[in-house]
Amino acid sequence: MNETERNLRADGLTHFDAQGRAIMVDVSEKAKTVREATASGRIRVSKEVRAAIENGTAKKGNVLGVARIAGIMAAKETSHLIPLCHPLPLAKCAVEFDITDMEDKTTDAYVIARATVRTTAETGVEMEALTAVSVALLTVYDMCKAIDKRMEIGAVHLDRKTGGKSGDFVR
Amino acid sequence: MNETERNLRADGLTHFDAQGRAIMVDVSEKAKTVREATASGRIRVSKEVRAAIENGTAKKGNVLGVARIAGIMAAKETSHLIPLCHPLPLAKCAVEFDITDMEDKTTDAYVIARATVRTTAETGVEMEALTAVSVALLTVYDMCKAIDKRMEIGAVHLDRKTGGKSGDFVR
Amino acid sequence: MNETERNLRADGLTHFDAQGRAIMVDVSEKAKTVREATASGRIRVSKEVRAAIENGTAKKGNVLGVARIAGIMAAKETSHLIPLCHPLPLAKCAVEFDITDMEDKTTDAYVIARATVRTTAETGVEMEALTAVSVALLTVYDMCKAIDKRMEIGAVHLDRKTGGKSGDFVR
Amino acid sequence: MNETERNLRADGLTHFDAQGRAIMVDVSEKAKTVREATASGRIRVSKEVRAAIENGTAKKGNVLGVARIAGIMAAKETSHLIPLCHPLPLAKCAVEFDITDMEDKTTDAYVIARATVRTTAETGVEMEALTAVSVALLTVYDMCKAIDKRMEIGAVHLDRKTGGKSGDFVR
Amino acid sequence: MNETERNLRADGLTHFDAQGRAIMVDVSEKAKTVREATASGRIRVSKEVRAAIENGTAKKGNVLGVARIAGIMAAKETSHLIPLCHPLPLAKCAVEFDITDMEDKTTDAYVIARATVRTTAETGVEMEALTAVSVALLTVYDMCKAIDKRMEIGAVHLDRKTGGKSGDFVR
Amino acid sequence: MNETERNLRADGLTHFDAQGRAIMVDVSEKAKTVREATASGRIRVSKEVRAAIENGTAKKGNVLGVARIAGIMAAKETSHLIPLCHPLPLAKCAVEFDITDMEDKTTDAYVIARATVRTTAETGVEMEALTAVSVALLTVYDMCKAIDKRMEIGAVHLDRKTGGKSGDFVR
């Protein structure tokens, strides 16, 4: 029984050891492979915010351009933000946005952010993708909050991960 | 007409100047007053994750204790993450959690995070509160993702802000 | 004779004490006033790089938009980078660019970056403005180095500072 | 056609995808090899500043010793400062200085900084070397600005890089 | 009863609220005054390490010069390292060293580090002084560990604090 | 004679080159192997502090839980704090605590922190383990200083290291 197995807990909380102490779990016996994760989320914005973003994007004040940079830089800060997350080299990080009407046909809209992160490492980059999405959406909030403070961030989730022993995941 | 007024744009995007260039907007003429913001959000978790969190909280593996520290520390990193956010001294930061049943009576549950941040400064701390909530919920995801990768973060919004010239806001 | 005076050295190196030890010099007896600094610098680029930047700016790949964000975020990191620099709240930070022909009519061009930083504090923000300019220009280098590695950064200097006991400075 | 090729743009701006969105470009298919880069730059200083630096170096107040540490530590921060730069392990970082007379025989002098950085990674360390040089020279400015604010940083460029598929570069 | 009082716990653990949740405690009602703290500590080193440090200091390889910079820079990172510590502007930071014989006349020696930090803020800088001392001594360890890995850091404590409502403290 | 050997100095200060300049020493020719280090240290606390920690641990205010997270996160910041330390990926980090009576039977007690860090890299993780211990103990100080400011951190040392060419070390 190796250390990783000894750390397996019945309740599945792998970030704690058998005594319940938080640990950054040992990955030194795992294979270094190419791993990729895609996460997405959205922020609900008013008609006025949508117009400001769309006009700014087309012309000058580029809200989504700034949010994209914030998301990419945040992916690189993930292990400094999430206490038990392993520091990893990142091979790639991309963040893209879409703006869509609401399902229920109100005048509000969704700005959707999707981040894809890739690494060659012993552990995956789900948290990097989720952090990039969250900070990109927070940046949209920050840049538009003078217009409307009621924006809401939601549906932040993992879309897909590939690579690693636990197998691929598609939501 | 002072610089702040010159920076007012018709579309309300105060983080851009009249030429559409992103700026950290001038707050040097604003009054330094006590300002407070409360934000909240939630993560939807499965029955198994809920049980792991609740048993851990009661006994040893304290998911929410770790997430609380992550949230408080992230509030202090806000201006390093959000590109046009002002660096501010923080006078207070608190993060609390609740676990509730779903409205629709499925077996899933919500872990709700709520952060309150206070400062004495020329500008408010909405972004600090929202960042604390987001990183606290990302930490819950990280610590429970070995059990379930389908957790989803949502309803991240500003509940309330007080202080400052723009007046109080309650959602 | 107060501590600031005791720290004055004949050679003017105020970042060392009388025994030659590096110190972050005491500013607690200085008045908290509005202080502003403007710095600028430039990077010499080839015709091809200039075209890529100008086309990108007009259309899609916004080199200068990314460099602006990098410069503003770097201003906020100044005290973490420059060992004896005081951590300060920043009230404003703006970075702007110009592209000009070379004086000597070669086909190369200069991308000029200019940063203005303002604070209300006991000490000035020259280093914040100079750091913003340097990192903005390094970012231009990074984004264009696949086209040409011979770009050169130069003429990084303080243009102007106002506020503080030592009086205003205009180069 | 792999993803790296798909990302190749006609204008050579590899930090943008085909839609013009800034990305941290995928390096996961590149070979991990030893790569080294050397960059240099200089700051023009007055006779008084030169004397303070030279006397301090010889005796006690070690301006260049502090600037060297600042440069080495900045090399390690490069991916946090330059938005689309990959985080890399660094195998070596050295910063050295020279002080020389001006070419035109004025009484001013140049303090020259040269940084060499080495890694074993999928991508090079040009930006790390350039960042080390820039921050080292900014630190010289900071430590001597009480004597003279007219110092100017210039000639910051890549001297040489080795390793990697694009071949060696010597300026 | 204001919030600070409500947070007072019978056991004196002010970094927890009445429900036992870790908080960054509210200091917004405290007066902004000049506060200073001095902390010290020491590392026990072998005769060989002492000789290397003393010769290096006198001549070229300046262990203590590097450790001083590390300590000053660490003081500025304190609130990023200590979870519930308030981010503060620092008005001054100085680190000094002494080398002394052991009390018990063995051939080992102590390198003593002493840090003094000053601020004008609502709360004190004990943690900044203690962090500066700790990181300065860790840096001595790092720079000399190729000679001897048995060095031991000890006697890290607060010497003195002044300013603030709780009164002065001298150990 | 390779560069590593050229850098060997008679006095053993490997963090300086032959000219006495501080360098981050070249490790690119060293083998990437699994390396582990364990370090420990302690803080002397009064009877009152011990009671607060023990009751808090058992019940709600979890001083050691917060200190553990601080230690783990600090291990990841080591190369940003220690100037000449190499940035490394970390495969594992664990921090544990014990509370013991004093040897001399006073009513004071020791809180002992022990950190174990593992990596697969060209150089070891002694500094990461020592930094984790130091910051964990500083966090205990911070959280208990309202009860007693006389706590003292001591006995911070390397217990053991394995892996790497210099062989294993057990204190």
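A few remarks follow.
Which chain is which? They are A, B, C, D, E and F, in the order written, and residues in each are numbered from 1.
Convention: a contact is a pair of C-beta atoms (placed from the backbone, for glycine too) under 8 Å apart; a residue touches a chain by one contact, two chains touch by 3 or more.
Everything quoted here is computed from the prediction, not taken from an experiment.
Shared contact partners of chain D and chain F, listed by label, are A, E.
By residue number, more than half of the contact pairs of C-D reappear in one of the listed pairs A-C, D-F or E-F, namely E-F. Taking A-F and B-F together, the chain pair joined by more C-beta contacts is A-F.
Averaging Cα coordinates per chain places chain A and chain B 15 Å apart.
If you average the Cα atoms of chain B and of chain C, the two centres end up 31 Å apart. Of all residues in chain E, those that touch two or more other chains are 21-22, 62, 65-66, 69-70, 73, 77, 80, 83-84, 89. Under the stated contact rule, the graph of chain-to-chain touches falls outside the line, ring, star and complete shapes.
By the touch rule above, chain E contacts chain C in their complex via residues 34, 65, 68-69, 72-73, 75-77, 89-96, 118-120. Those residues of chain E whose C-beta lies close enough to touch chain D in the complex are 62, 65-66, 69-70, 73.
Within the complex formed with chain A, the chain B residues making contact are 9, 11-16, 19-22, 41, 48, 51-52, 55-56, 59-63, 66, 69-70, 73-74, 77, 80-85, 126-127, 130-131, 134-135, 138-139, 141-147, 149-158, 161, 169, 171.
For chain D in complex with chain A, the touching residues are 17, 21-28, 79-80, 83-84, 86-89, 121-122.
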